[in-house]
Amino acid sequence: MHLLSAQPMSNRIQVTIWNEFRHEKKHPAVQRVYPEGIHTAIANGLSVAPDLQCRCATLDEPEHGLTEAVLAATDTLIWWGHMAHGDVQDEIVNRVKRHVLEGMGLVVLHSGHFAKIFKALMGTNCSLKWREANEKERIWNIAPGHPITEGIGEYFELPEEEMYGERFDIPEPDKLIFVSWFEGGEVFRTGCCWDRGHGRVFYFRPGHETHPTYFDPNVIKVITNAARWARRRVTIPDTCPNPAPLETIKAKHESIP
Amino acid sequence: MHLLSAQPMSNRIQVTIWNEFRHEKKHPAVQRVYPEGIHTAIANGLSVAPDLQCRCATLDEPEHGLTEAVLAATDTLIWWGHMAHGDVQDEIVNRVKRHVLEGMGLVVLHSGHFAKIFKALMGTNCSLKWREANEKERIWNIAPGHPITEGIGEYFELPEEEMYGERFDIPEPDKLIFVSWFEGGEVFRTGCCWDRGHGRVFYFRPGHETHPTYFDPNVIKVITNAARWARRRVTIPDTCPNPAPLETIKAKHESIP
Amino acid sequence: MHLLSAQPMSNRIQVTIWNEFRHEKKHPAVQRVYPEGIHTAIANGLSVAPDLQCRCATLDEPEHGLTEAVLAATDTLIWWGHMAHGDVQDEIVNRVKRHVLEGMGLVVLHSGHFAKIFKALMGTNCSLKWREANEKERIWNIAPGHPITEGIGEYFELPEEEMYGERFDIPEPDKLIFVSWFEGGEVFRTGCCWDRGHGRVFYFRPGHETHPTYFDPNVIKVITNAARWARRRVTIPDTCPNPAPLETIKAKHESIP
Amino acid sequence: MHLLSAQPMSNRIQVTIWNEFRHEKKHPAVQRVYPEGIHTAIANGLSVAPDLQCRCATLDEPEHGLTEAVLAATDTLIWWGHMAHGDVQDEIVNRVKRHVLEGMGLVVLHSGHFAKIFKALMGTNCSLKWREANEKERIWNIAPGHPITEGIGEYFELPEEEMYGERFDIPEPDKLIFVSWFEGGEVFRTGCCWDRGHGRVFYFRPGHETHPTYFDPNVIKVITNAARWARRRVTIPDTCPNPAPLETIKAKHESIP
């Protein structure tokens, strides 16, 4: 885990970008696009925003780079994973889930739809249609007044992307932000918001590992906005209290001996 | 697992009532209220409805009475558990979850808020405030046009119940049906609907094991209505298909070797 | 207003199909497609369902065919209008709105997005993008377990339709049922559910007057299903009651003389 | 219309507090509590926040103080009305509605549930139960992570208030923030959020004219937070465009001459 900046962290939104970082090491086609890893591309894009402080964490670090200390100091966690979802330890998944429910934001990207953490927070299969055919994606902005679409026009295009198509098996989003049109004939709910516990979750579809999607200015703008929108506002540990009554309870007939 | 009726099952809604069935065996105060178990009280209440076919299943049966065959033949599963949530095998929880996501209805009662299956479908802690003080609960009907409140007036009362109070840590319900007023000063979202996968989930608060709540006609009416509302309409196994395009995709520059 | 069937109305869902019925009289291109009016095509399609009892009403009848008696006897009202939205009297709009809020279902079709009644129930502008270019529409089924999609596959196509594109200015739907893909590059939330008062509202996009859309079996199936889903379950007139307290209120210090 | 501060307005959230201002002139019991009007009490409370710039407007000013210029310069409009809802001109209601749909925030207080503007944005009757009995209200915080509850504990109390009880005839809130417990036995969805067009709407229950509710620090904190949450982020006038296709549309058989 490494910080990208030496600036003071106070008052800035603390963003941790988590990447599986396996494709980039194994597949030359991916390495060519993201020689320093998807996480670094995202971190470089986000770090232009003066109010964001980015750090990165990857699967093969101890505790996947997501120690208790890192998560406690994270306002928004960004998640990219694909080929190694099964290698993420359940203990770390539970830890991340606890932090989201306590107030940490989570932005799940692309193939992260099948990440253990996303499935655990959604409660559904999170399955979808998919096709790798280098087709055009046009992302329609359904919510132009929402903080996540600040600076985004009525649509933007990605010339070549993997297709994800409906039905996407997710709970009804609290708010639908983007819907994608695909050249091959499908549609997809590409940007979706949910509250979970005291935290906020945003799913954002683009970013297949063979396409330079995370260098696209609109994609970076959306992730930047989402990091702000989802940021931790509170930290409230879970409790199940047994409080005394606030009002007088009348004694009943002796129904319970 | 035993059927309560010898009538033909065709065309009737197949309801399986699952009960932990431990309190009734260990605690005399519970045994006095539910000598044949909570599941039997519910089954007797629901079986008055000519369109429901009830069977029961309990924790200490093999596979907790929830075999693949039972679940495949269940339209709505009703769940009561409390002291032994931890004894429910993860394999069975995953099986029940799969059936809900494929289309089976699930009605979770009272202390079932902490059941593994409910937490897995919600993605949150499902914690709440609680107090055993034999206090009055008044359940307000927020959705008088909804199928679950058919035959229910603008409110009904339970003279003595355990208190459950907010904040209830659940995802925003797709539809809020009931809100409770408690004598001791709390409120609670007592009836909540969610879609999960192709199935429907209803949480209904009342039913502490020391109170005769499942003999109350309004409570039975709500559970009866919920069994109808949540009933399986489809059975769609999960898939993540890789379809051919429906439209011609234009060849791009030589990006894919 | 005329009934299409002499069968007893009891137990059947009473459907009233309202059509502006102006295009069909003025424009030969429309008359050729719908010689007896759009309402008749829909009524013929729906009347195949043995549980639906259809009647029709049109703009130029007295009270637009929507008398108090007709609406009181209607379980689901289906609405098609376009060129004469402004000719619908406000008094009748208010009457229809009152009936919806009391429990009557409303299914709004296509250009009905700009009908006074739809805008009044939504509270928004209900505007959208549009284009008449005889383009292909593919309607994706986002909710295969929902009653409105019963019998509908994962998508269906209309070879030529008017395009409606996002952003559709509506409140977030309580449930999103269909999303359309258009040949020209747009997407649209084509099937949307809302509760309003004690009634249910479904908006369904297809049906431009120059295309034979209301002869399409899938379109008819969706409207049939929607007529069932939205049907009146209660009739609850609006009140704003001033009830006596249900619990004793303690006298306070003399703060209010 | 008068500004409460001479400070530069740039970068501050422009809040306009609208009050009917009739009770205070006619009823001595109200005048004693709010000698300068409810709007002034709210404005004084909110003006403590350095990021809010407050102005007031009242019914009996020309155009009710809500000229095009005032609304265009307003980020959040706060609304209190009761005895004179009918005196608000429809033209001004439509103007306010247009500004909300374009992006202006709206916070509706207490008896404003029956204001023309609230009913127009909700599409429902907005009716409820009510009782003036000086009873205790306990407001439970259902959403402790939401910006509107910043600084609010798990509940707060108002010693004497008018009762509003369910069923409140509103569309399902996009997010439920507060639920009230009343001494007399009712409950109420006291804080509710909706998006409408590009604007945000918050309804907040408390504030009967005979009680000093708008001097309560928690009530002021909630309204302050709501003014921030609902603030205008965009100004997007309504359009219904007829765009050229973004993709080539294939010529079909000569179905449309």
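We call the chains A, B, C and D, going by the order they appear; numbering starts again at 1 in every chain.
Rule of thumb we're sticking to: a residue touches a chain if its C-beta (ideal position, glycine included) is under 8 Å from a C-beta of that chain, and two chains touch if they have at least 3 such contacts.
Computed from a predicted model, the values in this text were never measured in an experiment.
Two copies of one chain, subunit C and subunit D, form a contact in which over half of the residue numbers belong to both partners.
With B-D and B-C as the two chain pairs, more C-beta contacts join B-D. Centre-to-centre spacing of subunit B and subunit D amounts to 37 Å, using the average Cα coordinate of each chain.
The mean-CA centres of subunit C and subunit D are about 30 angstrom from one another, to the nearest whole unit.
Subunit B and subunit C have Cα centroids separated by 32 Å.
Contact with two or more other chains is made by residues 138, 143-144, 165, 172, 174-175, 183, 185-186, 195, 197, 246-247 of subunit D. If you draw each protein chain as a dot and join the dots that touch, every dot ends up joined to every other dot.
Residues 103, 138, 143-145, 147, 150, 174-175, 183, 195, 197-200, 233-234, 236, 246-247 of subunit C are the ones touching subunit B in the complex.
Contacts from subunit A toward subunit B in the complex involve residues 29, 101, 114, 120-125, 127-131, 133-136, 159-160, 163, 165, 169, 171-172, 174, 183-186, 194-197, 210, 238-247, 249-250, 252, 255-257. Considering their complex, residues 138, 140-144, 154, 165-167, 172, 175-176, 179-182, 185-187, 189 of subunit D touch subunit B.
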